[in-house]
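The same chain A turns up in both complexes below, where it pairs with chain B and then with chain C.
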Partner chain A sequence: MLGSGIINGLIVTAKNFAGSYHDPERMVTVEYPEQKTVLPENYRNFPFLITENATDPMGTLRCVACQICEKECPPQCIIIEKSKDKKPDATGKLQLYPAIFGIDTSVCMSCQICVEVCPFDAIKMDKVFEIATTDRFQDLFLDRERLAKPNSYYHEIHPVEAAEVDGRLLAERKAAEEKAKVAAAAKAAAAAAKPVVTPPPATP
Partner chain B sequence: MNPFTPSAPAPFASAPGPTVRAVHDEFHGDLLEVSMGPQHPSTHGVFRMVATLDGEQLVKLKPVFGYLHRNHEKIAENTTYLGSMPYTDRLDYLCSMSTNWAYALAVEKLAGQAVPERAQYLRIIMAELTRLVNHSCLVGFLFNDLGTSFTPLLYAFREREKIIDLFEALSGSRMMCNYQRFGGCRVDPTPEWLAAAQQLVDNFPRFLDEYERMLTGNEIMLARTQGVGRLDATHAINAGITGPVLRASGVDYDLRKVDAYGFYAQFDFRVPLGAHGDTYDRYMMRILEMRESVKILQQAFKRLPAGPIMDPKAKLRGFRPKAGEAYGRLEGPKGELGFFLISDGSPNPYRYRVRPPSLINLTLLEEMCLGHTIADAVVILGSIDIVLGEVDR
Partner chain C sequence: MSAASLTDSFLERAPLALRDWVVNFLPAPLQWLGHHLITIIAVLAVFGTFFAFTTIAERKLLARLQNRLGPNRSGLPWIKGLTLFGLSQPFADAIKTLTKEDIVPAAADKCLHFLAPVIVVAFSLMTFAVLPFGRHLIPVELDAALLYFFAAGAATELAIFMAGWSSRNKYSLLAAMRALAQLISYELPLILSVVPIVLVTSTLSTQGIVLAQGGWTFGFLPHWFVFTPWGFPGFIIFLVAALAESNRSPFDLPEAESELIAGHLTEYSGFKYALFFMAEYFGLTALSGLGVTLFLGGWQAPIAALQFIPSYAWFMLKLIGMLVFFIWIRGTLLRLRIDQLTRLAWQFLVPLALLNVGNAAFWILTSSWSGPLQLIRWAVSLAIIVIPFILLGRTLTAGYAPRAYRYAP
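Moving on to the complex of A and B:
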C-alpha cells in the first residue's frame, strides 16, 4: 500500500518520542553543567607532572629532565631545560631536575606518547577538561608549577593504573636497596678481608 | 564477464547524460553556475562543488577540495614512526581505530614485526566496531541530506555514541583513539569492558531493525534514491573505486576476503553485493555490512584468546626498521585504506603515502551526478561517504 512505509516510520518515531520520557535506553542526554557523566578510568586529556610530596612540589618532581618526551612528542609541544645542579630523588640518588618544563596545551594533541616513553613514570595524563580561558597565550602554556600535581591526585584519577605504577616503583626501589645492601656488604667484607689477604711479611 | 580481466574495455570518458548545450535560444535560458560550499552543511566538511545548471539539471560538476590540507604526509616524513600514529587518527576522524590498524599493518610489514593472537582479535573487534560507527553515521547523514531534518541522524548518533563511549573507556579518547602499536595494542580490555561490548553488539541488530522499519520502505526515500547516481561496474573498477561503493555496483571485491589480513580468514561472514549501483544500493550495502559486522563481532568475542597484547620484541623507543619499502592495506569502512612507506633505516620514513578511499571514491562524482538535479547531487555525495580530513590530508 502506498504510504505504509511512511506510517511505519512514524510509528517508530512516536515510540522513540514516548520512550524518551521513561525508557532508560532512550533517555541518553545529560543536562551538562548541572549533571555530569562519570569519566572512565582511562580517559586522558593533557599531561601533568607527578611530585612525591605535595608540600614541596618543585623539590620532589619525579622528572629527571632526560628529555625523552620532548624528543618523542609528535607536535613538539614540550620544552625542557635541564638544571645545572643535582638533587636527591626518592631513592636518595642524585639526579638532575627540570629547571624549565613547559607544555603548550594549545599545541598538545593528547596522544599519550610522552606517558608511554617516560622511563621514570614522571608524566601522566590528567582528566581536567574544563580549561577554557580568556587568554590564549599565557593561560594555555603550562609551566612546571602548574603542571606539578601530587601522587595522591594521580591515585584519585587513575586508581588502578596508579596502584600498578606504585607497586612497580616500590619493587624497583626495594631491588635497588637490596643491591646496594649486597654491594655494601661485599665492600665491607672486602674491606674486612683485605688485611687478611695481604698481610705484610713479618721480617724481623 | 569477469571485470578484473585486463581485456575488459575501458570506457572511462563515455559517461551518460546530457552535455553542455551550445545553443541559446528564446526557449532555453542561460546556463547557471552555482558554487556550493566550502561552507555548506551538505558537503560534509569544507568541500566545494562548482555546479553548472541547465534549468534544474546538472550539466557539469567540478569538485574542488584541498581546503583542509594540512601536510599530513610531509609531517609524517619528519616525525618518527610512532609519532605518526596519533596523526593517522586525524585522517578519517570517524574511524581512527581502523586507520591506526592500516598504518600499523604497513609498519609491521616493513619491520617484519609479529603480532600476538589476542592483539589480532582485538584489532578485528575494534575495526568492526569502527565499521558500525562509520556506517551508522553515514546512513544518518544520508537521510539528513535527503531532507529528514535530523531525526534519523540523531537515532544513528545515539547508537554511535554508545560505541564511542566504549572506545573512550578503552583508549582514553572518543575519536582520537591512538590505540594500535607496532606489534600489538596499547591497552588490554578488562572483562567488564568486554561484557559491555558484547551487550552492545547483542543489542545492535535491534537498532538496525528499528532503523530499517523507519526508513528502508519509506516511499519518499525510495523515490529519491532508486535509480539516482548510477555507477556501473566497469566504470567503478577503472576509476579505482573500492569499498561499499564498488560492491554496490556488483563487484565482489572485499580486502577482508581477498587479502585475508589479520585473522579474517578464520571468520565466517558474507560480502553483500548490490545489483544496480544506485544510491539505494549504496545505502542497503551499509545496512547489510553492519549486520555482517555484528556477526564477525559475535565470533570474535566468543573466540578471543587470553595472552599478551604486545609482542615482546616490539620496540617503542628507538624504532628503526631496516631499509626497504612496504604497502599495508585493509578494508576500511570507506574502502581500501593503504599506507605506503619507504624506509632508509633512519627513525623517520623516507617516504610516506596514504591511499585514501574517500578521495578516490570522490573522483567519479561528476559521472554519477550528470543529468540529475542539484538536490540529487547532495544525496549522491552523501552516499559516497567522504570525510574531508582524509580527502585533503
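Moving on to the complex of A and C:
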C-alpha cells in the first residue's frame, strides 16, 4: 500500500534513535581530542632521523651526510651541511655527520622518497599529525635536534618495519665483520707465506 | 475540583495577571498600547527562544536518528569543561552569523534584496497572532482567524520570489520560481484539508474550533478531530502540505543544495541568510501550532483528569510533539524530484482532500445517527476515504514501485 515504505523508514530511524543511546556499536563518532583512534601501522607523515642511542642523540645519528636525500627530495625541503671532522659510527668506523640537517615541513609532502633512497636507514617516516604551530617560519622548520628520535621510538611506531631494518643492519654488520676477519686472516696467511714484500712493478 | 475553578485556576490566569500588573503602571490612555506591546514582546520572546532551541533540538535529533552524536561542545564562555550537552550552540550560531560580512551583489536590486528577509520574517511572525496558546491566551481574537492565517502565511511566498528576483542571479531566480510552483501547489491541499473543520464547526475562529474539540467520552477519549474518520486523513494531508509549505525535507527543493546551490538564498550571507532560516522555522512552528489547534484539540488536555495542568503547557507539549515528528520525517525521507512533487500535490493530495470535504459533509448530515447506525456511519465515512486512497495509490505507483533491477541481483 502507498505509504508503507515511509512507515518502514520511520521505524528504521526510530530504531537508530533508540539504539544510539544504549548500543555503542552503532556510534561511529570518535570525539577526537579526548578519544583517539589507533592509526594503521603503515600510516606515515613527515620524516625523522634515527639515532642509535637515546641518551646521546646528536652523537649517534645514523646519517652520514651523504646528501642523497637532499638531492632526491622532489619539493627540495631538505637542507644538509656536511661536517668538517669525522666521528665513529655505530660500527666504530669513522664517518662524516650532518652539521646541519633541516626539513621544512611546510614544504614537505610526505612522499617517503628520502626514506627509499637512504642507503643507511638513517631517515624514516614518522606518525605525527598534531603539528600545528603559531609561528609558520621557525616552528615548521625542523632542525636536526628536533628531527632526531631514537631507534626505540621507531620500533614503537612501525614495529614490523623496524624489526626488518634492524635484522638487515645486524646481518650486514656481521657480514662486514666476517669479511674483515677473512680478509685479515688472508692477509695474515699471505704475510706468513711471503714475508718478503715484492716491490710493485714499475709503471712505464 | 469543579470545571469553573479549573478554567480560572491561578496558573491558567498567571500570564494575564502579569500582563495586567505591568499595564497598570502606565497612564490610562497608553494602556491599550502597553497591552498589545506586551503581547507582541511575549510572542517574540517565547517563540524566539523556541526557535533557538528548535535548531539545536533538530541537530541533536537528526544526529541521533543517523547514529551520530550531534553538537555537544559549545558550553559557557569563561567556564571550561562545562558543556551542558552543547545547549548554548544556538547562541554561538547567532554570534557567528551576526559577525559575518553582509554581501550584496553589485547588480542586485538593493532595496528588494534588503526587504525580502525582513518581509519573510514579518509575515511568518504575523501568523502567530491568531493561534490560541491557551484558554485565555490568544494575541488577537479574530472571527476570520483561519482566513487571516492563510493570507499572512501565503505572503511569505512573495518574499521568497522577491529574494530570488532581486539577487540578479539565474540560480536564485530559477529556485524562486520552483519555490513558487511548490508553494502554490501545496497551498491548495493545505486549505482543502482545513475546509472539513470549518464545515463541521461552522466557524473560522481558531478559539471556536478548539472549544468545539472539548469534552471526553468516558473521561479519556478526547473529542479531537484527528480521531474522526474525516479528521485523520485531513490531518495527514495537512502534515504533508505543511511540510511542503515550510520547505522542509522531503520537500526542500527550493534550497536543494545539490541542485540549485542554495536556491533563492544563494546571494544572501550573514544575518540575512539567518533571517530566512528563522522565518522558515517560524513558519513551521506556526503551521504546527495550527495543526495542533485544528486537529489535536489545541490547548485541551488529552484526559479529563489531567486538566489541572495549565492549557498553555498542553499546547506547547503538542507543539513540541509536532516539531519532533517533523524532525523525525526529515531524518528519514529523501528529497523528491520537482515533477514527483507537483504530481503528488495535484494528482493525489488535492483529489483526496476534495473527497475528504464530501466525507465531512456526510459526517454532518448523519450527525443524528446513533446506536448501531453509528457503526454504519463510521464504516461509510472510512470507506469514502480509504478506498480512493488505495485505488489512487495503486494507479499512481503502477510501473514505479517496487523498482525492478535489471542488472543487480
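Points to keep in mind about this one:
As a convention for this text, the second predicted complex is superposed on the first by the 168 of 204 C-alpha atoms of A that agree within 3 Å, B and C clash if a C-alpha of one lies under 4 Å from a C-alpha of the other, contacts with A are read in each partner's own complex, and residues count from 1 in each chain.
The definition used in the following text is that a contact is a pair of C-beta atoms (placed from the backbone, for glycine too) under 8 Å apart; a residue touches a chain by one contact, two chains touch by 3 or more.
Being a predicted model, the structure only gives us computed values, none of them experimental.
Which of chain B and chain C touches more residues of chain A is settled by the count: it is B.
When both complexes are overlaid on chain A, the residue A:Arg44 reaches chain B alone and has no touch with chain C. Residue contacts after overlaying the shared chain place A:Glu31 against chain C, while chain B stays out of touching range.
In the superposition on chain A, A:Ala132 makes contact with neither chain B nor chain C. Judged by the touch definition given at the top, the superposed model places A:Gly19 against chain C, while chain B stays out of reach.
By the touch criterion defined above, A:Ala191 lies against neither chain B nor chain C after alignment on the C-alpha atoms of chain A.
Using the contact criterion defined above for the overlaid structures, shared-chain residue A:Ile113 touches chain B, although it does not reach chain C. In the superposition on chain A, contact of A:Leu94 is made with neither chain B nor chain C. Contact with chain B, but none with chain C, is seen for A:Glu72 once the two complexes are overlaid on the shared chain.
Common to the chain B and chain C interfaces on chain A are residues 2-3, 5-6, 9, 12-13, 16, 26, 28. Across the complex, chain A meets chain C through its residues 1-3, 5-6, 9-10, 12-14, 16-17, 19-21, 26-29, 31. The part of chain B that touches chain A in the complex is made up of residues 79-80, 82-87, 151, 155, 158, 161, 165, 168-173, 176, 178, 186-187, 210, 213-222, 316-317.
Those residues of chain A that touch chain B in the shared complex are 2-6, 8-9, 11-13, 16, 26, 28, 40-44, 68, 72-74, 109-113, 116-117, 125. Considering their complex, residues 61, 64-69, 328-329, 331-333, 389-390, 392-394, 396-397, 401 of chain C touch chain A.
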